[in-house]
């Protein structure tokens, strides 16, 4: 029997494996499968890449669109899918190889991690609005559960808080879905896009705002992102790395995908999102200055980068969009390095607080070196990947002759340097009484090293991949092509 | 051979002139104060006496080399100042140098000596050096500004060319550029260690000054170089403002009249503290200089 | 007597009004109550109001259930089946979220003895 | 293994020199879509590459002293390579990449010092990154004007656009060279950096800002002669730059005099020297530019020499304050000569080449008729004598003031070799002041389309205002010195050395070991009593920047208070924002 290589596996495989988990426990295959699933998905994505670059793959489930449900893998969503699989691979490899906390290695963690991957893949791929809601809830529920996995008071608190705010977001989004259906009578995104202009103006605004609040909360945009630091701080750093690595990216992608697909003229909405992005970036970077918990600091830093990406995507020019997508990928790699390093440091020194980590760089030189690398990359210093994508974004703004985002981005980077370099300085603090470091599994460094290697590689040779992102940007921005791919050339 | 003889002649001339001028100064000073004062040769005798002292106390090698550096500096300075114009003699190596170089050569020696003072280990000596450098900092600004005005006027830094341009009394620097002369005059007195700017080496309540540790032959060396340096500076000013000199008698006459002028000014003012001196240099001569720059540089360029 | 309710406009108006009231009750519970379970119930109420709104507005008076059976052989005068299917799905999802929330709340209560939203203060900005 | 690594390290440190010898042609490739990197070696960059080629290996050599600090060696490699990239850059993106690599690797090197505190390291990196980001903003603006990242003259720009570009890039480079009031990061970081690395910071890294400044001026046609019109005989915009440079020099010189720590003194002196260079660039004539480049060369030689000598002193005594040292002249004679030659070069005294550089700058100021600037520059450059004297008196002369200073030994050979090389170079250029002009500076002037100033021979330095001959000057001085010393020794009488260091004419008292006889710490303190100097010394920018940091923290606290840990408030905010924007939209729509 041969299984056709289709995008549906991105959702189906993790779902199936997750629900069959009791079997894997018995067969002692839990860890290999946890790492193997994203690995297989990554291979699948790579295998599909040549086809995707020619034309978007539309996978129909049962009935053809616009009536049925379909998954659509184009150049833009491919980037996200590959990113999700790759991030999942590195994070799970860290859990396995790093011999980490037992609660990350049991069956529940296995289920929720795979569900999270399935949910995010589904969100990115689906061409159906209600399916989007379903996948949004799947990834949401698994994320709430992952946050609470440790089952001590902070973890449960994080899970509860996440659940409360996440449910509200879901309600808002559901409300928007309901209104859309009532107005258009369609759920297929392409069909909605065709009919959206026919909705009365005030209703468009209401739907838009409902979606903005719903997805804005999930995509961590200011002023809907006040929950983020608490949740990142309460969750295990690896889980937080997944949130920052692909969960929020998936939501952000969905948000902009909807904007560019539904609106014939995304200018106004784009300007709103640019404003929100700029506010997110600046506020988060400023607040990060006073953080003394590494996870919380990284959370704010992550917010800042999300704001930058929103700023870039909202502008809607090809160069900024390509740069924004590239920055998404780069930020994922960087935050993975930083959060996994934070996990190593936390395991070594039990605490993630600034005061307790003073001098840690001399006890854990490798971890500290990775932290420095990640910090340099996140600030956009060459020759690391953060620089390449930031340059691309800024170049896009400069080409268009718009300079206020350039000024804000550079200001934010300067503020960011203010706290990252404080952490670096403290990590290398000369201290007579070095903190006692608990042993960590050396293999745990392997996934970090892979990500770090990519950070350097993409920084030195971004021309290896820049075509992918240009095609992704074109796919994201070209509304007509997206519609005709689903509905046929005549529409 | 010519160069060697010429150099020796220059050194000799400046030596003799220096001691005679300062001998005159002592006597003149005494007469003004209604004393008889020493003979005009007294300085020369003192100097000879120092040179033939049999005992000299030193504080380490640098203490010995400092006076040698300052003496070599004095010789070099003298050799780079042209004494006469339109003559082959008493030129030294001045065609290889220029005005700015001479100004800087004037301070090479004192800095070399400062090393010796430092190595003596006497804090009062070092205090004197610091005072000297402070005074230098004060006087150099208006001094150099005045020189710059001269250089700008003649569009050259070569002393020869400046001298050559002053071919008649009407073209003397003091006539064509009186502001520059006024600006330079007081700092010049300061650079000659003259009153009222002579606190550096002067007796105060505890003896402090660069020479506090020196004695014997080393003190003789210091004395000699000071006389020669003074003459070098006098001749330089003669070259710049009084049209230079065509023969040695004119040179002595012009230098002496300039010396007399500075001596007279020195005598009527009470001594200033170092900080007061610096402040004075930065207010009066420098203010005059700024005014001069505005008048001679800015205004013509605006009206043009 | 209630015949005016057969007018779709009136009925839909009542549905909108009712569900909005329900929505705001839920929102009030979510924002003002301090017990975790009450807050969760507030969320459930909000979700419920959205379901009701969906079903209510997607159906007009006189439409029957979209099921073919004896005598009903064509899809005329039937309600649109999609909202109902969607609502069912949404209810299942909402239930899952609610269950997870309640279980977390119970665990939190067991661990700390507290069930107050305001007592979730372990994670906060540094002073 | 270790030997191979050390050899590799040395090869990297020599690579700027090798590059100079071996580089020909150019190299280019695409970084991302539309961004093409290209590397060439222009004569201007070649000049600064020479500085790097001198500084890099000479600083690297003493770094190989055991015990080796491998992290420092590893960080030195990207630093040198980044600077090479910066100099080879034919386009602004490679320039920026090199600039940033230089920035972060030098920061991490700074952290290797156990003395670096948080305030210093933060100010170092934040100022340098601010410089880098201003640079990037300027580059992007340049890109929007020219449509290309290649470095080349702009055409068809308005004055407003030129002004924006000049301000952005100019501020970036002025931060790097450390002019007032953007200098606050310099003294503390030069002071607290690892001792040898300070030499590199001052000798090589600060020169990159100078390179940038000159490069900036080449972007505008006629920038060097008449940007923003002419004032007297020079460019009006340059007049402003020149005053910035001179004020920097004056203030930094007085601050240097007031320092009680050798490295801080040298740091302020670096600021002052770079201030002169800035002034000369402002004048912009070929004489001035030659002076600027010459001074950059001399300053590199001198500061590397001085910082390495000081590093040797600190290594052997563990002391760095003037009041804790003294009388090392007999214990560390080579270092003494290093510092002696260094301060003669630093003070710009003839016959060493420092004078040649200052001479060119002075003449160019007279030539431009900017006499007030000249006066201010003379002020700084004469006041510099005081700190130069302090620098040699404090450690080497007077009385030994600490047990370590009494028992110190000469610095290790690996520290002395670079010092000797640098001393030899300085003396060589003293003999042949025209050598750097003809070999190094004239090609740059030709490339910039200016008149060359080289004379007939290497011994001469010529200008339209006259020049001087280094060989004659040096020979006269040396012969005079030999003659004087010889005659003195031939004279009758004998010398004998004082029996004890306390054998002094001490105002009639007899000093003992307990008497404070070292004047190292207090030297220059009396300058406070001069009104102008006192006014300068009482002022500083630290308070301003600390205040700025405080404001930033306050803003962080204020915005941080939005991030309350209470879900209900998050939801409330979301609902309120939703309602408010809905209301606003409907109002706008209704209106």
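The first chain written gets the first letter, and so on, giving A, B, C and D; residue counts start at 1 in each chain.
Basically, a residue touches a chain if its C-beta (ideal position, glycine included) is under 8 Å from a C-beta of that chain, and two chains touch if they have at least 3 such contacts.
Model, not experiment: these values are computed from the prediction.
Novice: Set chain D aside and report the joined-up groups of chains, separated by bars, or one piece if nothing splits.
Specialist: Components, chain D removed in thought: A, C | B.
Novice: If you tally contacting C-beta pairs for every chain pair, which pair wins?
Specialist: If you count contacting C-beta pairs, the leading pair is B-D.
Novice: Average the C-alpha coordinates of each chain, average all protein C-alpha coordinates together, and give the chain whose average is closest to the overall one.
Specialist: Closest chain centre to the overall C-alpha centroid: D.
Novice: Cα centroid separation between chain A and chain C, in whole Å?
Specialist: 29
Novice: As a quick test, compute the distance in whole Å between the mean CA positions of chain A and chain B.
Specialist: About 78 Å separates the centre of chain A from that of chain B.
Novice: At what distance in angstrom does the C-alpha mean of chain D lie from that of chain C?
Specialist: Roughly 70 Å, centre to centre.
Novice: Could you state the distance in Å from the CA-based centre of chain B to that of chain C?
Specialist: The answer is 101 Å.
Novice: Which chain D residues touch at least two other chains?
Specialist: Correct list: 560, 563-565, 567, 571.
Novice: Would you please write down the residue numbers of chain B that are in contact with two or more other chains?
Specialist: Correct list: empty.
Novice: What are the residue numbers in chain C that touch two or more other chains?
Specialist: Residue numbers touching two or more other chains: 30, 39, 117, 120, 123-125.
Novice: Edges wherever two chains touch, nodes for the chains themselves; is that graph a line, a ring, a star, complete, or other here?
Specialist: Graph shape, chains as nodes and touching pairs as edges: none of the named types, so other.
Novice: Pairs of chains that touch, anyone?
Specialist: So, checking each combination of chains, I get A-C, A-D, B-D, C-D as the touching pairs.
Novice: Note which residues of chain A are touching chain C in the complex, please.
Specialist: Against chain C, chain A makes touches at 130, 133-134, 137, 140-141, 144-145, 148, 151-154, 156-161, 163-164, 167-168, 170-171, 174-175, 178, 181-182, 185, 187, 229-231, 233-234, 287, 290-293, 296.
Novice: List the residues on chain A that touch chain D in their complex, please.
Specialist: 160-161, 164-165, 168, 172, 201-202, 205-206, 209-210, 213, 216-217, 223-224, 226-227, 229-230, 283, 286-290, 319, 322, 326, 372, 376, 379, 381-383, 387-388, 391-392, 394-395, 397-399, 401, 403, 406-407, 410-411, 413-415, 417-418, 421-422, 424-426, 428, 430, 462-463, 466-467, 470
Novice: What residues on chain B touch chain D, complex-wise?
Specialist: Going by the criterion above, the answer is residues 51-60, 62, 64-65, 68-69, 71-73, 75-76, 79-80, 93, 96-98, 100-101, 104-105, 107-108, 111, 114-115, 118-124, 126-127, 129-131, 133-134, 136-138, 140-142, 144-145, 148-149, 151-152, 155-158, 161, 206-207, 212-213, 216-217, 221, 274-275, 278-279, 282, 286, 289-290, 293, 297-298, 301.
Novice: What does chain D use to touch chain C in their complex?
Specialist: Residues in contact with chain C: 560-561, 563-568, 571-572, 575.
Novice: What residues of chain D sit close enough to touch chain B in their complex?
Specialist: Chain D reaches chain B through residues 232, 327, 329-330, 340, 344, 347-350, 355, 359, 362-363, 365-366, 369, 371-372, 374-375, 378-379, 382-383, 385-386, 388-389, 392-393, 396-399, 463-469, 472-473, 476-477, 480-481, 483-485, 488, 491-498, 501, 503-507, 516-519, 523-524, 526-527, 529-532.
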